[in-house]
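In what follows, a structure is listed as structure tokens, so that the remarks can point back to it.
Residue numbering begins at 1 within each chain, and the chains themselves are lettered A, B and C in the order written.
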Amino acid sequence: MDVVLDGIVQAFWLLARADSEVVRVTLLSLAVSATATLLSVAIGVPLGAFLAMGRLRGRQGVISLVNTGMAFPPVIVGLVVTVLLWRSGPLGFFHMLYTPWAMVLAQFILSLPIITGISMAAIQQVDPKLRLQLAALGASRLQTFWVLVRETRLPLMAAVMAGFGAVISEVGASMMVGGNILGETRVLTTAIVMETGKGNFAVAMALSVVLMAMVYVVNAYLTFVQQRGRLR
Amino acid sequence: MRKVTLAVSLFLGLITALSACAAPSPSTQTRAPAIPEVILATTTSTQDSGLLDVLLPLFTQETGYKVKPIAVGSGQALALGERGEADVLLAHAPDAEARFMSAGHGTERRLVMHNDFVLVGPQDDPAGAKGPSNAPSALARVAQTQSVFTSRGDNSGTHELEKKLWKQAGIAPSGKPWYQETGQGMGATLNIASEKKGYTLTDRATYLANRQILDLSILLEGDPSLYNVYHVILVDARKSSRINAEGARAFADFLVSQKTQSVIGSFGKERFGQALFVPDAGKADPSSVALK
Amino acid sequence: MTLLRAFAQRAVDSAPQETPPAVAVRGLVFQRGKQTVVKVDTLDIRRNDVLAIVGPNGAGKTTLLLCLALLLVPTAGTIAFDGVRAKDMLRQRRRMAVVFQDPLLIDMSVQENIALGLRFRGLDRQTITQRTGYWLERFGIAQLAHRRARELSRGEAQRVSLARAFVTQPEILFLDEPFTNLDGPTHRALIDSLAAVLAETGVTTVIISHDLKDVLHLASKVAVMISGAIRQLGRPRDVFAYPLRDDVQAFLVAHRTGGGLAAP
């Protein structure tokens, strides 16, 4: 227990003097995960809407795939992405391995099914007659999409939070594709694992506190945006 | 619509920030090598010792090459070399390295330094491991008394050495209830040993770094069989056009240069009062001695 | 039978046949699986007509309406608007409007709901404000403009739905039992409002209704639909007084008892 307390104390100390390494690692964590989440939203929400509304052949199969993807083990994603991005791999010419972009890619693959699946469920919940009414009002497919997104903004926000939560806390894939390189691809989660492995439990605990604080702040903001929609 | 523009600009800002992170920082000296990136595959214990944090910036300063150290288990480091995914390796698993070289995966292998392992355990030493003069015998005492022994169990260089010593002692500990394979790094394995009042084999550096929180004492040290010898290996550049052979060579040259060797020799003195590594470049290879 | 039908049709169609009908249906079939839900060989709706479609439940009325409004793709057949078969469905839909039984409103203010169709059509802010204001007044809901649409009573919501339809100045207006779920007084008030607006705008209208009194009040033509086909078509007074088939008669009798329909 003293490790926990010691860690909390250290965390405040690190934050108070804005330890440059901690700041850098925190900002990188945020940048990588936020980018991955935003990409997933940009692609996942329309994709979820498409699956909810469309009549695609083999739709059932795609939906099962999405739902399976939601629970996909991150380490497998890490392994697959690594193999793809290797010099000898099919995507090796990108030279992405061991860069933050590789982590964005891995985290994108992890969060996309989550955001797609929840968006899809949210839009399927919408009364089909409403879609008919929108068509009757002369809405194009894109316009219908925007109105539906507006109508389902509460569960969609939940999707964003779920997606972000999944990737900000992820360590296996980030470690594998990023390499935990000091100053370049070291993020909070990989740093915590490294410090724990070295036996520096207090430092690891301190970083954990920083991570939890950051996650809380982001989620508090997203929750505010989500709930604000209800008051109007 | 305004929210959309906000989100998009946030997004673009993030991408710019990320690109800035990924781009190599401008080198401080005039000559910049054609391909500045060198991928070094090494082990977690090497990284954990902190030596690389000192050496790598020096190397960048001197040559302009930027090293990306990928710290994994010895097995994976060598596998990465085999696939040509790394340019140069820094490993301490002589047997596996020998196999690697004879299979033709590396073009050059040079001795760099060694540190040593120590056998640690509870101060009261119930197994009587302190008595014997060599490691295999000490391990035999541990096995006889069925005292808890924690192993890294992850095919790392440390684990390899440990397995070799058990073999020399003629004991097969795997599967026995007192033999606990953690599958983790040295720091974690030490902590588990400390918690369970057990024994373990560790590199001196990690032990010293964690001495304060551990309830373990050094019971055996100095036995040549406990030497942990580091070699730098140049991966065969013919494996892939992407291998930075010049950078790899520059790194190897750097490691064995006199200046670097003296830095290696003084590393740790400040923090622990004793040097952690013994620079060996140009000397007789202690691993060939220990192999006998 | 066919002769009689032709006679009745000619009697009703007194207008000269120069301009093509607003809506011309030929060979329309809608099948759901093996079941034929709608089968209408010929149907012409002239400009300014108010056509009421009546019939028992499950007759296919709503399905027919949805096909005409281009909200459902028929299994077979053609629909021509002003003599032209629509190629761009979205474009044609934007020339029409639909009022459903359930006034599904979006979670916005009343004003925003009414303006929605105009925003979809890309009209400028000024026009939108102007028209929205006019129709809010016209249906007596100006005071509700900024209220949250989901909080309204059924009657108020249906007024919004009507305003929402008219504000787009449709060439053809479809209504699917718009007042069925409303209480008596609200129903009557809305029928009167609607009748007034229809008379004023002269918009071609197709309305499904269960209330034969409403049909007499509003419609210039009525089609009796039974089991997917139009069994009789003509002026409401004529059709109600002179049913030409047994099933049409049976239907009218069943509704006459509830509606208190007076013979001419």
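Assume a residue touches a chain if its C-beta (ideal position, glycine included) is under 8 Å from a C-beta of that chain, and two chains touch if they have at least 3 such contacts.
What you are looking at is a predicted structure, and each value in this text was computed from that prediction instead of being measured.
Visitor: Select, from all pairs of chains, the pair with the highest number of C-beta pairs in contact.
Guide: By number of C-beta pairs in contact, the leading chain pair is A-B.
Visitor: Kindly work out which chain lies most centrally, taking the average of its C-alpha atoms as its position.
Guide: Going by the distance between chain centres and the overall C-alpha centre, it is A.
Visitor: Look at all chain centres (mean of CA atoms) and spot the one farthest from the centre of subunit A.
Guide: Taking each chain's C-alpha mean as its centre, the farthest from subunit A is C.
Visitor: Using mean CA coordinates as chain centres, what's the gap between subunit A and subunit B in Å?
Guide: Computed from C-alpha means, the inter-chain centre distance equals 33 Å.
Visitor: Quick check: how many Å separate the C-alpha centres of subunit B and subunit C?
Guide: The computed centroid separation for subunit B versus subunit C comes out at 80 Å.
Visitor: Please compute the C-alpha centroid of subunit A, do the same for subunit C, then give the distance between them in whole Å.
Guide: Their C-alpha centroids are separated by 48 Å.
Visitor: Residue numbers of subunit B touching subunit A in their complex, please.
Guide: 7, 10-11, 14-15, 17-18, 21-22, 39, 44, 47-48, 53, 68-71, 83-85, 184-188, 190-191, 206, 209-210, 213, 240, 242-243
Visitor: Would you tell me which residues of subunit C are touching subunit A in their complex?
Guide: Touching subunit A: residues 66, 69, 71, 90, 93-94, 96-98, 100, 102, 104, 106-107, 116-117, 120-121, 148, 164, 168, 174 of subunit C.
Visitor: Sort out for me which residues of subunit A touch subunit B in the complex.
Guide: 27-28, 31-32, 34-35, 38, 86-88, 92, 97-101, 104, 179-182, 184, 194, 196-201
Visitor: Touching residues of subunit A toward subunit C in the complex: what are they?
Guide: Those residues of subunit A that touch subunit C are 127, 129-130, 132-133, 135-140, 143, 147, 150-151, 232.
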